[in-house]
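Pasting the structures in now, so scroll down.
Next come two complexes built around subunit A: one with subunit B, the other with subunit C.
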Partner chain A sequence: MARAVSKRTKVLNTTVAGALGFLLFFPILWIIILSFKTEEDAIRAPLEVLFDSGWTMDSFSAVQARSDYLKHFTNSVIISVGSTLLGLLIAIPAAWSMAFVPSKQTKNILMWMLSTKMLPPVGVLVPIYLLFRDFNLLDTRIGLTIVLTLINLPIIVWMLYTYFKEIPSEILEAARMDGAALREEIIYVLTPMAIPGMASTALLNIILAWNEAFWTINLTAANAAPLTAFITSYSSPEGLFYAKLSAASIMAIAPILIMGWFSQNQLVRGLTFGAVK
Partner chain B sequence: MGDKRLSTKASQSTARLMLSPAVLLLLGWMLVPLCMTVYFSFLYYNLLQPGSGSFAGWDNYYWFITDPSFKDAIYNTLMLVGGVLVITTIGGLGMAILLDKPMFGQGLIRIMAIAPFFVMPTVSALVWKNMFMNPVNGIFGRIVTGLGFPPIDFFGQYPLASIIFIVSWMWLPFATLILLTALQSLDQEQMEAAEMDGANWSNRFFFIMLPHLARSITVVILIQTIFLLSIFAEILVTTNGGPGTATTNLTYLIYVSSLLQFDVGMGSAGGVIAIILANIVAIFLMRMIGKNLDA
Partner chain C sequence: MGRIQLKKVQKKFGDVEVIPPLDLEINDGEFVVFVGPSGCGKSTLLRLIAGLEDTTSGMIEINGADATDAPPAKRGLAMVFQSYALYPHMSVRNNIAFPMRMAKMSKEEQNKRIESAAIALNLTDYLDRKPGQLSGGQRQRVAIGRAIVREPAAFLFDEPLSNLDAALRVGMRMEILELHKKLNTTMVYVTHDQVEAMTMADKIVVLQAGVIEQVGSPLELYRTPRNNFVAGFIGSPKMNFLDGTEASKHGAETIGIRSEHIEVSTTDGLWQGTVGVAEHLGSDTFIHVHGISGCEPMTVRTSGDVAVRHGDNVFLTPNDAMIHKFNKEGLRI
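Up next, the complex of A and B:
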């Protein structure tokens, strides 16, 4: 039932919420603007930047020239997409079996998986670092992909589980009555219904992996560093080159901002382990 | 049907087979490093001193806890977690209530408000540090001097507050989004009935809205606490834990002793302490989520 609201109230709500939303978004907007300015313009007063300076794409090429930016961008893509695919590969069978063939242990297994996510990363920093050193995995994309797969695996299993749970079992029973074998049941009945949930899970996981900033920083150096770790090289004094910092930043966050746009509703389910839907 | 769903003997064993890779991998991921951390924490073990590795008893724990920087780190961790929780929970509640009202362009305003969540921690921290909190060229710096005040070196004078501010900006969208989702499941007719019965806004807020949101607020607080205990990148790129130990939290302290001072024993002892602290929070969170599974 929609409530009749006066137009004035609506305008007032829009103004207040719009102003707050704009303030929260402003830093992102600002780096978008500064990334198209020259260094000299970027450090001028904000109003001069806006109304009294030209636009240029130079910062983007400067960032690429300074240190192979695209390599780190590629690292981010490979590590986040790779860990997501690997995670799905392991999690889909697990979530499927718990959702459709639950046993007495299912709840305990789910809770235990969740508990591994509660382990603070710094608590196992030393052993992981030493294991990586001994197995020559430090600063490799494969090593980082493995770690990110494992830290996000509980979230993937949980999210998929909550989605699979929503598929009514009556449909599966009907398929079975019609003589479908388990394999056919999975391919023709379950998969089409499960694809939206799997897509949201993948999207959220790519976002989480892309922005992960503890293991990526501690386990990589020049070679395998994804953007999270690469951006730290701008901490100082390069951070004072606003235009270059902005250009490097905007390229690092743009793909995720766009994905986030699409996944904002699934985000809640994924990050609260189904506790808030 | 319901509970049993597809259980037959054959499918039970297939199910176990399908579950085992995930379980075994997570078991390994949890147990191997955990046991190593506990083991190392009882050794004199420094990577710079080859041949070290004799049994240390509780020495590492003793030295880690009695070090003055441990007290600072605990204080900073509590301030950081507490400060961000207060700001994001109250701010998120306000934003959620606001965004739930009828307005024009709701979708656009909502995406603007939650966008900070998608910005990677290192970018957030660097952008705020350089482009806003720089005393001379930063926007905040310009506002301060423009108003005639002496320039403020935010990270020198108010280091912890500055980091709390940045982290709050990153986590406010999370609280907003979850509370907004919860708010949208609130029965509007109940609110309207209360309004017609003459309940004013604060009555409706305290007696209908808050009780409805209580669970979600708890979830927000617990999940954020888990993540906030592990804040690392924001500190690394802004202050490196300084000045002195002013912004060193427990995570950062352990990082310093293990990867910068190469003291594996000491770092591991710190790691065990961090795990124990996180588990205290985790127990409460797990209980809440577990209840939801039965429902």
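Up next, the complex of A and C:
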């Protein structure tokens, strides 16, 4: 039964929720505002920034003139999409076998995989850096794709495992009775039923890989640098360039924000899958 | 042809023996029902026949050929699941076509069989819908349709009606029986509902804890149960059991008497008791009588509507010829 909510409570809830939402969004809003200011205006007191300065697109043109946005953007796309596809390729069979042919160790393996996410990445920076150096992978897109695949693999496996678990095993047994071999069972029955889950896994991983900053910054210099490294280049020892930094940030997060906006239904459904049917 | 033979078939899950070595013969064209309380291993036994579980030891023969290690698809059997197990992303037509597609049957033959199955199962108007848009009964029909088009050696049903409401269940029961008469194919049917078992089976297999307690026709089991478990499980309402002095009078440890083999009188009789609950069904009345030593309460079934009420004093007399006697081990004497 739905609980009765008074009008006052509703107004109060809406106000509090709205205020919280605004608070969370505020840093992004401030970046957007700063990106349309000159460097001099950007470091003035907040109220002066808002009401006592003009608007300009100069920062954007300055950023584009100094660095090749398109190259970094392409790198970001290749690395995030590439690592997601590679991750799915490894994770689908792994999650399939853990969900449908579990052994006594399945739970332990899953926990062990998750535990690797608890390790601070900086703890393995040196060995990975040295490996990359020896294998000539430093500042290459393939190197970053591999590292991000490995970083996000536990999450991909976990998510897919949860989705596969939701598929009733009787349906797969029915397919087996109907004469489907393992390959046909996966192609005609399992995959179509798992596509919504795979899609949200892929989306989430593209976002995670796109935003990943530790490895992308530490293992690249110029050639393979994605947008995260492109932002960092505007926070330099010579001083902070707030307006340009803001403009660069907007340019870096805009594509993924837009993608997230259009796919939010899929994302929310994917993340709450199983909890809310 | 659909002859299935189980020879010393055993199933263990880890160290737990779910089915001790067991022999069973299912003849061509027979309607065999596995019945027993939940957890008795009846579904496991069906899944062993289907090939969805591996036998621990023993042999399964289908039409004389060893099928013990054959994968499910190669056994030529079709199964209907309790949850229907339809492919949710396919239309009804594609669901029914799936096994034929897997068998690489020609498109024409597929369509011909789909059409005739749809007519037989009243699904013609729903062929282009998804399972999610169908009612429980219709889904069950699709599952049956998917099974028939393969023309299997035998049908396996795993509690197919337990997700349906009571009225629909009776209807589907009839449909499955008519299908059996028409196709004359072996059917193996698992249920926990002894009424389903009694009404549908040519041969009932009563299972308890993985052990076959008795195999026989419904009336054989009803009239001459081999032990007190079968006697208590088959028949509704449950058989009344008495022990103590009443039983020793008949030279047995326990005696059993079915509710319809007891006469009720308000004036005289062998046993005296008081009416607890009287269930008036119109055609019959079930009277639960308290106060009879060794049996609490005793259920009596009388034809028509009998005017007895809670607290009434009644006299009961069993039909001596219909008394079942069991020894200490629970076996029929």
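Just so we're on the same page, the second predicted complex is superposed on the first by the 221 of 277 C-alpha atoms of A that agree within 3 Å, B and C clash if a C-alpha of one lies under 4 Å from a C-alpha of the other, contacts with A are read in each partner's own complex, and residues count from 1 in each chain.
What we mean here is this: a residue touches a chain if its C-beta (ideal position, glycine included) is under 8 Å from a C-beta of that chain, and two chains touch if they have at least 3 such contacts.
Source: prediction; values computed, not measured.
In the three-chain model built by superposing on subunit A, subunit B fits alongside subunit C with no clash.
Of the two partner chains placed around the shared chain by superposition, subunit C is the only one that A:174 touches, whereas subunit B remains out of contact. Of the two partner chains placed by the overlay, only subunit B lies in contact with A:213; subunit C stays clear of it. Contact with subunit B, but none with subunit C, is seen for A:45 once the two complexes are overlaid on the shared chain. Number of subunit A residues touched is higher for B, counting subunit B against subunit C. Of the two partner chains placed by superposition, only subunit C is touched by A:193; subunit B is not.
Contact with subunit B, but none with subunit C, is seen for A:150 once the two complexes are overlaid on the shared chain. Of the two partner chains placed by superposition, A:135 touches none, neither subunit B nor subunit C.
The overlay of the two complexes leaves subunit B and subunit C separated by a minimum Cα distance of 7 Å. In the superposition on chain A, the residues of subunit A contacted by subunit B and by subunit C overlap at 170, 173, 176.
Within the complex, the subunit A residues that touch subunit B are 1, 3, 5, 9-11, 13-14, 16-18, 20-22, 24-25, 27-28, 30-31, 34, 43, 45-46, 90-91, 93-94, 96-98, 100-103, 107, 109-111, 113-131, 150, 153-154, 157, 169-170, 172-173, 176, 182, 207, 210-211, 213-214, 217-218, 227-229, 231-232, 234-235, 239-240, 242, 245-246, 249, 252-253, 256-257, 259-261, 264-265, 267-268, 271-277. Residue ranges on subunit B touching subunit A, taken from their complex, read 1-3, 5-7, 11-12, 14-16, 18-19, 21-23, 25-26, 29-30, 32-34, 36-37, 40, 95, 98-99, 101-106, 108-124, 126-132, 134, 137, 139, 142, 169, 172-174, 177-178, 181-182, 188-189, 192, 215-216, 219, 223, 226, 229-230, 232-233, 236-238, 250-251, 254-255, 258-259, 264, 267-268, 270-272, 274-275, 277-279, 281-282, 285-286, 288-290, 292-294.
Per the touch definition, subunit C reaches subunit A in the complex via residues 50, 52, 71-73, 77-79, 81-83, 85-89, 98-99, 102-103, 146, 150.
Subunit A contributes residues 168, 170-171, 173-181, 184, 188-189, 192-193 to its touches with subunit C in the complex.
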